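Two complexes, one shared chain (subunit A), two partners (subunit B, subunit C).
Right, the complex of A and B next:
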């Protein structure tokens, strides 16, 4: 009886969620992990790559999701793209899902084959302490910006990406990766601090490193990009690095050495 | 079908060479060009510039007047809608969706509701399906009209802008009659619509369907054969079929390159396979073909609109499911059960089954994918929008390389972007 009371107590702690939510939940197709319908490409992937294919799920009725090993991801996507019987030529999306609670972050690749009219979602799971996966930008040009967004929002590093920079947030954004579950909705800093940082921004921050290189080549006076960014304490002080030409040259030289 | 029906007449235009291309008139006599240093110049367009169609910023590296490299900078409108969505119930996200593409808000409302309904396994009513198709096609025209107006004004034709905005005003009025709002419609709900069509709505749509072709004819008469229009658009920002697919382009931009991919035909939703319409496909993949495809698409949308008007069935607009739909106010005030349902739907939200779903619709700008992930709660774990504009603008750098600065404006306009959805 004591056990029974304990469970009742624990259920009561859950509030409304613990009582009749399960009865009210929309039934829906949900996830199928057993008795998944056969998908031509998944079968072919299993034959081709063996145990690199981890599991196959079916979501919302007709959506096939296949989990693969992260280290063989690029190889598998390349095979799906180029193999004559598969031809997944349209990469619709690359994005991430964070379930929170320290669970691994999923990176998903939504593929569509225009000739075969077939859908396949390839997923990899990355542990929070190893957020790295090969970039598929060499295969799909469209992955370039999608991967930049995934990097910006989730902090996943894509190895071999030609230009992995933040895309939606400013280049010198200090607060982390906003779409992660451990990121608070209103940001990490107070409103006053955010305003102070915004006002302390340097014009140089609005250009990419490549563009700044170009300006340097032209011999225009530029400050070292990292000198003022991310350090609002020094940026606010009068007589910064840009006021004395000699110091600018030193700052520029310092960057080259680094 | 090929939509390029117009061949330019050389005889009527002295600025055109015999091959139909504009003749380049050199500023300096041949052989006497001054030696330039070959210095590249960096210029900045935007973020506050009308020709960028929003707060887009482009940094161009120029060699003379030729673009060597173009770097788009985005994020000025970033509102983190996807993060906000994780803190809202399924129905509360709908107002966020129309603030993305404010040029075709109803398409976004419908796509989001459809994704959640797919996740929950809800089959909406027949009337609701037809109404949603009607609203989506209406907004496709809505978006294409502003596209043609603003693109023409970028190229230098002012009149078209006034004509198309006059037509858009009529769709604004339809939005207002349906939802009370002109831009931020928020018209759908999970399992149905906010409200059924108001009295007189179908008649107004019928009037619109009957009268719009005249304006389209007038616009085409102004532009299609126009010297300036042809010269500024043909062979500008060309992208081939294979490249276009590889870059992820969809919608009119992809079909202008000759790939007949349309979600309405390739993965039909809402019984699009039972409607009779054609998908215009061009072959050159330049700005001019993108214009032709969009003009033809508007006419095809009118065809679909006519069919929705003809087949619009009677019956309920919302599914009969108290777990999803709020009871009527009268029931709520007189019936205990309805009161309880109302309370539960409002206070607890709608618990969705664990899982995920992706729903693609053919938006006016390309394929719009809505991706929702649920862990069984009444809020999403992740809500992702695969916006077509985001992909379109990512190809801009590739398209304008080697073109003149003025062509950057034409190329950017021809892609049809809306920054609210790019930055989200």
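Right, the complex of A and C next:
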């Protein structure tokens, strides 16, 4: 009996790749949920935009999801926001879903209409070789950081975003986009390399108010989308990139001896 | 800092063979007594361990009993760095700079499983033990440790200070910090890779895509007597 358990345990360690269970567990995009109820806004969207509305799903009771064409997304969200009968005036969230296996990445926009007390989730599907969609930051200011997070974690580029930089990971992060399914859990570099890069980061380059003010004055606030700063190579010379802390400590040591 | 040079100086009152004399031992006692009874902590609370750290400073456990009533909140005026919680790589240069800014003598406490080893966060963003970044004197185990555990850890630092000497004896001197190593990792690269190898159940967390993670792994071995 113990042996049997051990075998089961070893099998479970191998994971579920390629089993029937794996296929069943993840319906993935494209599976139409049965019995979709009528949703006022989806009907209106179909009338207004026709082919741009791809399909309509319903999840978990009354969560309505409408898939639209990526190239008309901003137009559709703007219409949902401004149209007198819709008035989706609260953008609750912008994030992404990666189902893995080469399937397209979904970008979702969680909309809520305060006057109508109505929820609608707008989704677009982006193929892995064309991860680009229009930014909705001009419509909803709150999308600014949400889109930066989606860019940081999934690598989706939002066209027309005023300041598309990483928001969670450090500026000099070079390992890719961590929430993608093809990203290894421990990252792509060795722990030693990760530590070296982390310590090579000089946070004062990025976070001082003076620096931000300078950027604003120079008119650099509108960085081109997807722009990544390159990491100064410091492999050969330890601590080469940042000399300030070393000098500080040296000065402190001198005082101590005096 | 400074201690390197002082080691070679002829010290007033030491014995002819370099052994400690009555004068130096008494002076050491006074210096150590004053140091250990006025340790000012630099709280570096990043997660739930910080809640327990706050509890150990509050009325019930009251760390002021050990001369630690003053949280420094400035590395320039602190003696003990308490890293309470997990440390992401983004925070690694910050804790290293805080450590470099603290004046000698200084000690470090790694509080909790995550600070000591990375804990359950064997992930891309997490430092696998703060001892890869800064030197650590006492590791307090627990997830999070109770306030008693943190106090016990700090009392171990007291014990460590008792054994230190300002003059003479090799091996009992304070740890000398090399100012040239400011901003650099504490451990060499190969050791960091060595201490961060996957362990325990964490190997099975690295699942490729397309699988559900809904079912907990059965680990019958854990239940075997």
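The rule is simple: the second predicted complex is superposed on the first by the 171 of 258 C-alpha atoms of A that agree within 3 Å, B and C clash if a C-alpha of one lies under 4 Å from a C-alpha of the other, contacts with A are read in each partner's own complex, and residues count from 1 in each chain.
Here is the rule we use: a contact is a pair of C-beta atoms (placed from the backbone, for glycine too) under 8 Å apart; a residue touches a chain by one contact, two chains touch by 3 or more.
The structure presented is a predicted model; accordingly, all values stated were derived computationally and were not measured.
Chemist: Can A:125 be said to touch subunit B (first), subunit C (second), both, or neither?
Modeler: A:125 contacts neither subunit B nor subunit C.
Chemist: Using the superposition on chain A described above, determine whether A:61 touches subunit B (first), subunit C (second), both, or neither.
Modeler: After superposition on chain A, A:61 lies in contact with subunit B alone.
Chemist: Quick check on the superposed pair: does A:95 touch subunit B, subunit C, both, or neither? Answer first, second, both or neither.
Modeler: A:95 contacts subunit B only, not subunit C.
Chemist: Does subunit B (first) or subunit C (second) touch A:170, or do both, or does neither?
Modeler: A:170 sits against subunit B and subunit C alike.
Chemist: Between subunit B (first) and subunit C (second), which does A:186 come into contact with in this model arrangement: first, second, both, or neither?
Modeler: Touch partner of A:186: subunit C, not subunit B.
Chemist: Between subunit B (first) and subunit C (second), which, if any, makes contact with A:195: first, second, both or neither?
Modeler: second
Chemist: Quick check for you: in the superposed arrangement, does A:178 touch first (subunit B), second (subunit C), both or neither?
Modeler: both
Chemist: For A:83, select first, second, both or neither according to whether it touches subunit B, subunit C, the two together, or no partner.
Modeler: After superposing on A, A:83 lies clear of both subunit B and subunit C.
Chemist: In the superposed view, which residues of subunit A touch subunit B and also subunit C?
Modeler: Comparing the two interfaces on subunit A, one with subunit B and one with subunit C, the shared residues are 16-17, 21, 25-26, 98-100, 169-170, 178, 183, 185.
Chemist: In their complex, what parts of subunit B are in touch with subunit A?
Modeler: 39-40, 42, 57, 59, 61, 71, 73-75, 78, 80, 82-84, 87, 118-122, 243, 245-248, 250, 259, 261, 266-267, 323-324, 344, 347-348, 350-358, 360, 367, 369, 371, 373, 375-377, 381-382, 384, 386, 390-391, 394-395, 398, 423-424
Chemist: Inside the complex, what are the residues of subunit A that reach subunit B?
Modeler: 16-17, 21, 24-31, 59-61, 63, 65, 89-93, 95, 97-100, 110, 114, 117, 119, 121, 140-142, 144-145, 149, 153, 167-170, 178-179, 183, 185, 206-208, 210-211, 214-215, 218
Chemist: Provide the residue numbers of subunit A that touch subunit C in the complex, in ascending order.
Modeler: It is residues 2, 5-6, 8-9, 12-13, 15-17, 21-22, 25-26, 98-101, 169-170, 175, 178, 181-187, 190-203, 238-239, 242, 245-246, 248-250, 252-253, 256-257 of subunit A that touch subunit C.
Chemist: In their complex, what parts of subunit C are in touch with subunit A?
Modeler: 1-2, 5, 89-90, 92-94, 96-97, 100-101, 103-104, 122-125, 127-128, 132-133, 179-180, 182-185, 189-190, 192-193, 196, 198, 203-212, 214, 217-221, 224
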